[in-house]
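What follows is chain A paired twice: with chain B in the first complex and chain C in the second.
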Partner chain A sequence: MSGDIVEDTRGIDRTASIVLALGLLFILGPLVFTLITASQSYDSFVRSGISPVPGTHLIENIRRLFTTTAIPAQVVNSFIVALMVAAFKCALAFVTAFGLVFFRVHYAGIVFAVLMGTVLLPLDLRVVTTYQVVSNVAMPVNGLLNATGINAMIAAFFGAPVDLQLNLLDSYPGIVLPALATGTGVFMMRQFFRTLPGDLVKAAQMDGAGWFRFMIDIALPLARTNLTALFILMFLGGWTMYLWPLLASSTPAMQTAVVGLARLSPQGDGQVPDYPLIMAGAVVVSILPLLMIAFLQRFIVRGLTLTEK
Partner chain B sequence: MPPSFAGRWTPFWLSLPMLLIVALFFYIPVYLSFWWSFTLERPFGGGSEFVGFQNYARVLSDPIFWDAAWRTLVFMVFGSTLAIIVPLILALAADRMVPLSHTARNVLIWPKGIAGASIGVVFAFIFNPFVGIMAPLNGLFPGLWNPGSDGTDAFIMLLIAHVWNGIPFNFVILLAGLQAVPRSLTQAAAIDGASPWRRIRDVQLPMIAPQLFLTFVLEFTESVVSAFALIDTMTQGGPGGATRLLVYKIYQDGFKGYDLSGAATQSAILMVFVLCLAAFQFLYLEKKVRYER
Partner chain C sequence: MQATIGAEIRLDALTKSYGDNLVLPGLDATLGAGEFTVILGPSGCGKSTLLNLLAGLERVTSGRILMNGREVQGLAPRDRGVAMVFQNYALYPHMTVAENIGYALKIAGVPRAERDRRIAEAARTVALGDYLTRRPGELSGGQRQRVAIARAIVREPSVMLFDEPLSNLDAQLRHGTRMELAALHRRIGASSIFVTHDQVEAMTLADRILILNKGRIEQFDTPEAIYRRPASTFVAGFIGAPPMNLLDAIAESGRVRLASGTVLAGTGANGPVTLGIRPETIHLNDVGEPVVVDYVEDLGGHHVLAAHLEDGQSLRIVTPPDRRPEPGERLHVSFAGASVHLFDAITGRRLADPAPIRSEGVPA
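Now for the complex of A and B:
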């Protein structure tokens, strides 16, 4: 409240309150309509369209969702994918940043630059060729053997060149691995490690602790809050990604919940779409990340502001 | 010199898993996009041949490509401007510490947990001309709102969903910036008789220039890329290509039309565009940002 002695702040504060109320309305409005529609029966929805009055069919619609669609299994997929994305990103970021900060080697800057290059081009921009790589992750090995002429020699000796095949499409690793190829986590952890006093390292060395002991017993506990923030953000990121899981999974059984929800959408056959069912799907798909956001607020704000610095 | 551990190759081994993942799933796909833009790739592993600049000639002479590129640019300019101005206004209001500020700071972050595709499904329903919130108005004025047949309506719908989904990050960053502005500064300005509007313009906005710069840098790329989920769930690029941005066209060409070389060429062009944008922002815009606190 800047300068309440100097000026009458009531008018300004009233304007601020109105602005915030409008903002809340903009954010909550779609969520409220989703919940209300999810609670209506199809018949009453067809009669009256979107309505401000909740119905009584929420449980019934969710039951229909569980019996007639693949959403429940896809929510499990989302959970596994998001968990893997978050856990691996945290582990990789922690270990990589640790190596780059607590050792003095001449190539650390190059490694860091190579990793930071990834933030310039998001996964959604490179899906066409990422798809090709994931459909055979052994492709670079084949390419290397071909380019070096080793494959020609192998072909001359054994009659056929080496052609390794490892298709990761339609599998959890296939969905998760490309999502890990970004340097933001390393960047966040590196920033954090650099704020730690150098005396910590000196003290550990005087106690005879090697880098591994230092990493596990000192760096890891200190980084716990930051790792938690990173984990939650990456979990949400893994849960909400769309284009890549859509391409990487061809069967409904492997699709994530967000992709499954989009596939519930009407394809335009003239009939009024079953919006109560679709909105019940939106509720089920979004409830876990929403609860995380509402209750783990301080970690999320911390994580978002950390990515800034 | 800060103390550090000995071990010439230990950091290398520690970074190796990350380096392998980044090589395999970032650098090789990026390299392949550019390589394929010079070859004719046949789908389903049907071999390839080097064709020089033929792909570029084909893509660049296609009016649909230029149409999609233009719409991408329009969406980028309007989408990112709105997706920063709206959170900025909300952050300025929340910074006043009125009773609603506390609730707003929690609720305005909720969209972070909702996928673009999910909110696309929801907004497509809410803005449905026959059963959505515009249905009563459409009853009074037939044909007033129909994103299914009117390109402008569809584009507006897309922008609204984009702003909705972009609020959390920009709001948090800008509010953090505003709260770091020393109170004494705004108070001094108030004592000098500066109106709230003058204080925003002459004190608060210059002080959060670094945060504004950051949100613009990230928002430009974000608006080019994240529109995919919204387009795919709301308009599928329609009506009549009105919402067919490049990122969606690449998907259609590559995965529906099996034109791998064309899709890779357009990916390469979009990548160069995004890289140029980032370079331009860092070289020219950053100089204009006052960083001193």
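Now for the complex of A and C:
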């Protein structure tokens, strides 16, 4: 496979090879230095800085990572968060896109445009308001009661206004729920459903399948590949989320691995950061989702193939 | 396959519009029980729309559909006893042939054993018994079409709807499948409604042909009657290969004449008319109406000439293969003994039959 590519480029022309080599250097360079640094001991790193040759302390650094930091527990957090984000986003995307494409929804175009608007307004832009809502999910209800004057009446009657409190900070739902509100998955699934021939729906209708059976028996199995791809993308997205989990979780026990990784560098006491440890963390935190996906992909594909029977 | 009883279908002032677009302005027709009806018409005339209304895939705008006297226009597709075969097969790509055929039975809750028996039977009927475990992607176009047909007959419907089911097959396969469909129709006994714009399919398959033009019925009759007595210039120009020639002519004092004065037929009509002449009933001779050949199609068994008269009207002529005229050549044609049809020049409707002429210039 890779042999083919090398042979082809060699055949085509030298410039292409040079561009390719530069590109590889550009992409792989930082990775190589991450790996090299992760294999240095802290002492040699403090003495001679970033080294061009690999050291021998990779295993030792990883062992330190697992024994002296909160990263192991945070990897579990990341896994739970990424899994929930991916699963819920896929389910939402599937159902929403199905409704938009296969039902005669009034103003389906407008609904879709609004959904796409969420892509232009990502969570990172909305962190402040999102933080306020998540710190008290009942806030909108309180606001409604205040604005309509109902609370004034209640206060006059019972002596105090209603002030509901439901704080989701430092919880999995608090980290996951706001991350679900994007239309990317809906967009992907909608594009897929639109490629299905319209006669397929008619044929199912003639066979007596209602919309629910059509969704489960036909749309779902056909969307399998697309859903798997979407799941993997969303899992990676959930795993690498940074800003929102950083704000939504205040204790190391609830932080995700990416947040925990950033916290490994000591803040402000003039000490040289333990870069070999941090880089070992970076390697572990990057490789884990890849391994999980390799495993998940098999699992998902097989799982759906079985239900198809 | 067990014979089912075909349903008689009656359309009663049936209309359908999409928004402002009145696709079917009002259909009245009765399709006999067990009859093979072919709906023929140009693209966009509303054939698929009519089929979808019968199937229950589209809601009627007004009017009624009766099957064996029962009003069905409000019923869901599955409650009408109707099955449909689609142009692009519309098979479920992820299901095997057996699952495709049996899906309707599975939904209807037919027990496993009976389901398997009926699937096997339907597959055998369309000679697909060896392919039950394949998926549609592993079948040829013709085999997919058979799966689609098996999927329709497995439910033992009283009405079978076909929307251009053969148009994706190559000519040879189409011919074979056409004959099989005719045989299948006789065996299962369901009323069949078959949409096509291929007139050969229409002529060979139909008990009766319903010719649709812009959502209206131009003619609903046997293939023979449609060929021999087309009810309008639209039908005349649609049926026959090459189609009937339609010439502007004048009827006066008992004769139909071309502008050149040549007498084409005898008639009781008066005023401007359209005269129809089948291309295969026009002969070449040495003294008749002069024409100039525009081009020649050599079809092996015969030639089809596209020519024009002196007044510019175009004319198609079928000639025997022994002599091949050249484009630009000047010929003479005789209308003696030709099969002629007279239509109103304005409405295009058929007028009383004209009398063919026996020999040059002399009406019978």
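One rule holds in what follows: the second predicted complex is superposed on the first by the 268 of 309 C-alpha atoms of A that agree within 3 Å, B and C clash if a C-alpha of one lies under 4 Å from a C-alpha of the other, contacts with A are read in each partner's own complex, and residues count from 1 in each chain.
By definition in this document, a contact is a pair of C-beta atoms (placed from the backbone, for glycine too) under 8 Å apart; a residue touches a chain by one contact, two chains touch by 3 or more.
Since we're looking at a predicted model, the values are computed, not measured.
**Student:** Label the relationship between chain B and chain C on chain A in the superposed model as either fit or clash.
**Tutor:** Aligned through their shared chain, the two binders fit side by side on chain A.
**Student:** Which chain, chain B or chain C, is in touch with more residues of chain A?
**Tutor:** Touching more residues of chain A than the other partner does is B.
**Student:** Given the touch rule stated above, what does A:I216 touch, chain B (first), chain C (second), both, or neither?
**Tutor:** After superposing on A, A:I216 lies clear of both chain B and chain C.
**Student:** On the A-aligned overlay, A:F26 touches which partner chain: chain B = first, chain C = second, or both, or neither?
**Tutor:** In the superposed model, A:F26 contacts chain B only, not chain C.
**Student:** So, does A:I59 touch the first partner chain B, the second partner chain C, both, or neither?
**Tutor:** Neither: A:I59 stays clear of chain B and chain C.
**Student:** Per the contact definition in the header, classify A:M153: touching chain B only (first), chain C only (second), both, or neither.
**Tutor:** neither
**Student:** May I ask you to decide whether A:A253 touches chain B, chain C, both, or neither, giving the answer as first, second, both or neither?
**Tutor:** In the superposed model, A:A253 contacts neither chain B nor chain C.
**Student:** In the overlaid three-chain picture, which partner chain does A:A113 touch, first (chain B) or second (chain C), both, or neither?
**Tutor:** The answer is neither, since A:A113 touches no partner chain.
**Student:** Going by the contact rule set out at the top, does A:V137 touch chain B (first), chain C (second), both, or neither?
**Tutor:** After superposition on chain A, A:V137 lies in contact with chain B alone.
**Student:** Please indicate which partner A:D207 is in contact with in the superposed arrangement: first for chain B, second for chain C, both, or neither.
**Tutor:** Second partner only, chain C.
**Student:** In whole Å, how close do chain B and chain C get at the C-alpha level once superposed?
**Tutor:** 6
**Student:** If I apply the document's touch criterion, which positions on chain A are contacted by chain B in one structure and by chain C in the other?
**Tutor:** Dual-contact residues (chain A): 199, 202, 205, 308.
**Student:** For chain A, which residues count as touching chain B in their complex?
**Tutor:** Contacts found on chain A: 1-3, 6-7, 12-13, 15-17, 19-21, 23-24, 26-28, 30-31, 33-34, 37, 45, 49-50, 92-93, 95-96, 98-100, 102-105, 107-108, 111, 114-115, 117-118, 120-122, 124-134, 137, 139-140, 177-178, 180-183, 186, 198-199, 201-202, 205, 210-211, 214, 236, 239-243, 246-247, 258-259, 261-262, 264-265, 272, 275, 278-279, 282, 285-286, 289-290, 292-294, 297, 300-301, 304-305, 308.
**Student:** Of all residues in chain A, which touch chain C in the complex?
**Tutor:** 197, 199-200, 202-209, 213, 217-218, 221-222, 308
**Student:** Enumerate the contact residues on chain C facing chain A in the complex.
**Tutor:** 52, 55-57, 76-78, 82-84, 86-88, 90-95, 103-104, 107-108, 151
**Student:** Applying the document's contact rule, which stretches of chain B touch chain A when the two form their complex?
**Tutor:** 1-8, 10-15, 17-19, 21-30, 32-33, 36, 86, 89-90, 92-94, 96-101, 103-104, 106-126, 128, 130-133, 135, 164, 167-169, 172-173, 176, 183, 186-187, 190-191, 196, 199, 211, 214, 221, 224-226, 228-229, 232-233, 247, 250-251, 254-255, 260, 263-264, 267, 270-271, 274-275, 278
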